[in-house]
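The first chain written gets the first letter, and so on, giving A, B, C and D; residue counts start at 1 in each chain.
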Amino acid sequence: MLGPKVWSSVRRGLSRALSRTMGSWASGEGRKMDISGIYPPVTTPFTATAEVDYGKLEENLHKLGTFPFRGFVVQGSNGEFPFLTSSERLEVVSRVRQAMPKDKLLLAGSGCESTQATVEMTVSMAQVGADAVMVVTPCYYRGRMSSAALIHHYTKVADLSPIPVVLYSVPANTGLDLPVDAVVTLSQHPNIVGIKDSGGDVTRIGLIVHKTRRQDFQVLAGSAGFLLASYAVGAVGGVCALANVLGAQVCQLERLCLTGQWEDAQKLQHRLIEPNTAKVLFENTPVWDCFVPPQQILTSKRSPIGSQT
Amino acid sequence: MLGPKVWSSVRRGLSRALSRTMGSWASGEGRKMDISGIYPPVTTPFTATAEVDYGKLEENLHKLGTFPFRGFVVQGSNGEFPFLTSSERLEVVSRVRQAMPKDKLLLAGSGCESTQATVEMTVSMAQVGADAVMVVTPCYYRGRMSSAALIHHYTKVADLSPIPVVLYSVPANTGLDLPVDAVVTLSQHPNIVGIKDSGGDVTRIGLIVHKTRRQDFQVLAGSAGFLLASYAVGAVGGVCALANVLGAQVCQLERLCLTGQWEDAQKLQHRLIEPNTAKVLFENTPVWDCFVPPQQILTSKRSPIGSQT
Amino acid sequence: MLGPKVWSSVRRGLSRALSRTMGSWASGEGRKMDISGIYPPVTTPFTATAEVDYGKLEENLHKLGTFPFRGFVVQGSNGEFPFLTSSERLEVVSRVRQAMPKDKLLLAGSGCESTQATVEMTVSMAQVGADAVMVVTPCYYRGRMSSAALIHHYTKVADLSPIPVVLYSVPANTGLDLPVDAVVTLSQHPNIVGIKDSGGDVTRIGLIVHKTRRQDFQVLAGSAGFLLASYAVGAVGGVCALANVLGAQVCQLERLCLTGQWEDAQKLQHRLIEPNTAKVLFENTPVWDCFVPPQQILTSKRSPIGSQT
Amino acid sequence: MLGPKVWSSVRRGLSRALSRTMGSWASGEGRKMDISGIYPPVTTPFTATAEVDYGKLEENLHKLGTFPFRGFVVQGSNGEFPFLTSSERLEVVSRVRQAMPKDKLLLAGSGCESTQATVEMTVSMAQVGADAVMVVTPCYYRGRMSSAALIHHYTKVADLSPIPVVLYSVPANTGLDLPVDAVVTLSQHPNIVGIKDSGGDVTRIGLIVHKTRRQDFQVLAGSAGFLLASYAVGAVGGVCALANVLGAQVCQLERLCLTGQWEDAQKLQHRLIEPNTAKVLFENTPVWDCFVPPQQILTSKRSPIGSQT
């Protein structure tokens, strides 16, 4: 069996190095940025007075830096991005960039309701050091978010983004699933490199992998709960809240999947899927996972439920 | 039959004058602000370059000012608030305050995802001239928005708001209905004066009216589509997108309901509910209504579908 | 104010008499059967050994016969029709026909999943004495129940039914709302006289009334919870579980609506909508209402929850 | 690589033989019936006059008999059981029993809305030759189908069934998912041997496998669309409509999973998940699959859409 360092380096190889030096997708040559691997969605700690606790954030990053993650997702749903101002969102990403190991990827959530704001946030995220942006579907006017509207939105963002774009579909929060036909169309954009799919519908994930097989398009599972199954149908990684507290185990699950040790993978997946185990483990930690959407962390003092938990 | 001016003045009477001079709910005496009547949800016009078109906004206000509305809702769903920056939201309200007749009410949408941001926006809305705020339910983490969380959120906002608060439940956009038990609890807060209910469930509206009957709590229907029915079960007005283009007719429907002319009211309601009629009327207008949620206006160049309509 | 008997007789008038003697819609002349008024959905009592308790059924009918109902709905959702065999469904209707007053209407539920079975049950219901059938939407294959499929189904049933057909849309149980366009198309069929709409969406009810106004098509509200509102937008009656225990009050609400006493109607509607009141009243009765779908009675020993209540 | 016959025999082994001779679960010794493997859900052919076409049924069975299926599911959703009378349901099962190879399992759908009818149908299914029954959740009163109600229902059925019971959860049709806690409780019943889960939520499937790991409880995937993923998390087979037309391929996918050839399995899964491929293949066949619920076959002349397809 390969050790964690070995399989990790094998996995990324040359393509990663290339993509980092490429500077921009505009060059158009070669492959899309390789985003395969496991990412914890970094949470945003708050002080007692509801300010962002940057000291605690850096402390968390140092702990997370000890695991063989591919990188970090910052300002995703678990980062409670809807509770931060635009400048706080950027500041958090900037701090993470400084605190995290140089060889990891930083995927920053830059989705807003309007196309214009999303473009602006995307450009700013690149400026503060994000390697790629993860763009959640706009959702307040979900009744109007047809495939055509969503394709229009993401195409505009990807056209103007200096860094690669990862689509982000999280129906438990947004009430809409980015339609498969829209994903397939968008996968042809040279600056759209993949999707984080948090819906948990593995038939859909398999179909996306299959229908985008000629586009160098990568699927990340949005939860540890269906990580093994996603690997089985062709996903290349996962953004798993559970990785915030069980980083070693989630990375081990990745390794078992990548090296074809499916029997052991199944056993580990079962242990990770068990809410009680997680509950015990999480009790004395500042973060916790929720395997079944739409539970998120919401430790923030700014949350409507902040003072109750 | 009473003319529009007469019934309008009868309806409001002294209580309105009192509430305006009261300054703040903190005085605690007397009744809650009377918000009964019809309100168009003012749309936000944009220029070709996707800037807010303040000239056009004032022009629209002058047109709308000719109808016997009780006031205006600004920065509601039809105002496309999710597409504006915080300062634009405030600037729009400020401009409407200046352009609108002095004797009308200005209800400003101040809802944000976090409690803290909502409080800040609420205070700012009061500073730029809003008479009351209309606060939409936070929704991104809808799976966590229990009755307790929502009661906590609205109580905090109402505690700190210098002007009255109107709850705003619009499940077509938010994916959650502010639960009846939460509404009943919140109706007891001296600074929470009513709810705009856009869900269209008239059993629920009747139940809310009944269960809050001792709280001087007022229900506004969220669409012209169920305005008559809402009056029939005790609502006192409506925020109707249709009033942007058929202002006279929606106000006439209000008058027919208030004066007990239910047969004529039914005929008018039927005409207003007919999508084809509305379509014809709306074709050459800059705005249109959608009777069945979750359709909103979205004329904005900033909208994901902006350039397609 | 008119007494109950007077308004009742005025309401029905000659058309009713005509429709009863007409024998069949096939004659094609004149108006559709008048089905306006209040109906309790008769429940099916069971013995301790889970047999249909016909003695108890007749007893209930005699009690219900003392109220000024327009008639009775038998084998609707509250009649627990899914728990009976075909022959029991017919036997229950036959017994009700014999036990009920001659001048009341008997609407019998005859819906089955297949078109063929529905036609057979419809013909049999006519043979055992039903005045009209109420046909619930097939629902097991709801994903395939397009407007076209439902129009096809109901047209076939109405073509072959010797008695008038009432459409029945109850989304809380079936998971589908008979689409408005399908209702409008079906309203043109000479043997389809109306719809029982239990969804509670009063905008939809108003739209159906408006769009079928030239078809002599009648809408019955499916619950006492939105009875007043339904009358306000043009419904002509209701099938109300609450009428099983508060028959006098529900009929009084009808009368207040029909005679334009909307203020008193609102007060009464509020009292009838209050779950606690109903709970107290229902506690010592064999039946109860549920204002909010999808609660049904399910007293049956055959129900999956039979022994637990 | 093991050939189809070899792995098939290895898989079943002695336990199968034992379970068949055991006669009844009442003996209580030993393991539950082994139901692992692939099953096509047999469709019900109809004549032009909407009668069950038993000749065609036998013909289909002979074709299906050539594939290495574990057995056949009869009177499931694809068998259009809601369109048949009770006696037809039994006659179909009886005919399949006679026409099918002796060494295959016959799982017969016996679910009805009432507990009583389900018990009767279950006993009858055993009498006409079913090896086990597959019992769909009652669903018309889904608002009342709590975990407690469903546990009560299935326990009663399993107590009285002379043959093993397989739970059947198909939310696309029934609007309810048999809750995991109910499944776990029911897995402890000696006569409940497994579940056919058609919801496609692989996190849930993994959790069920994990939480029932001490109960000898078996999970069958309800569609070919998530067959590979289900095997990956511990399912032991599938009931796949696609197996009606691509029997060899679905069985090959099973084999690849069982022998750990996950890379080839993924490729085959992708091909089977592709609707276009399937469409072409299905065009000239009497049956077709639907990968995404809630599409079913509905070729029946009795279906509301029968004459339209």
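Everything that follows uses one rule, which is that contacts are C-beta pairs under 8 Å (C-beta built on N, C-alpha and C of every residue); 3 or more make two chains touch, one makes a residue touch a chain.
Computed from a predicted structure; not experimentally measured.
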item	value
Where chain B and chain D overlap in contact partners, by chain label	A, C
Classification of the chain A:chain B interface as same or different, half of numbers criterion	same
Most distant chain from chain B by Cα centroid	D
Chain C and chain D, separation of their C-alpha mean positions in angstrom	37
Rounded Å distance, chain A centre to chain C centre (Cα mean)	52
Residues of chain A engaged with two or more neighbouring chains	none
Touch-based graph of the chains, sorted into line, ring, star, complete or other	ring
Pairs of chains found to touch, sorted by chain label	A-B, A-D, B-C, C-D
Touch list for chain A against partner chain D, complex	200-203, 206-207, 209-211, 213, 223, 225-226, 228-230, 232-234, 260, 262-263, 265-266, 269-271, 273-274, 291-292
Of all residues in chain B, those that touch chain A in their complex	50, 77, 82-83, 85, 113-117, 138-146, 148-150, 152-153, 172-175, 293-296, 298, 300-308
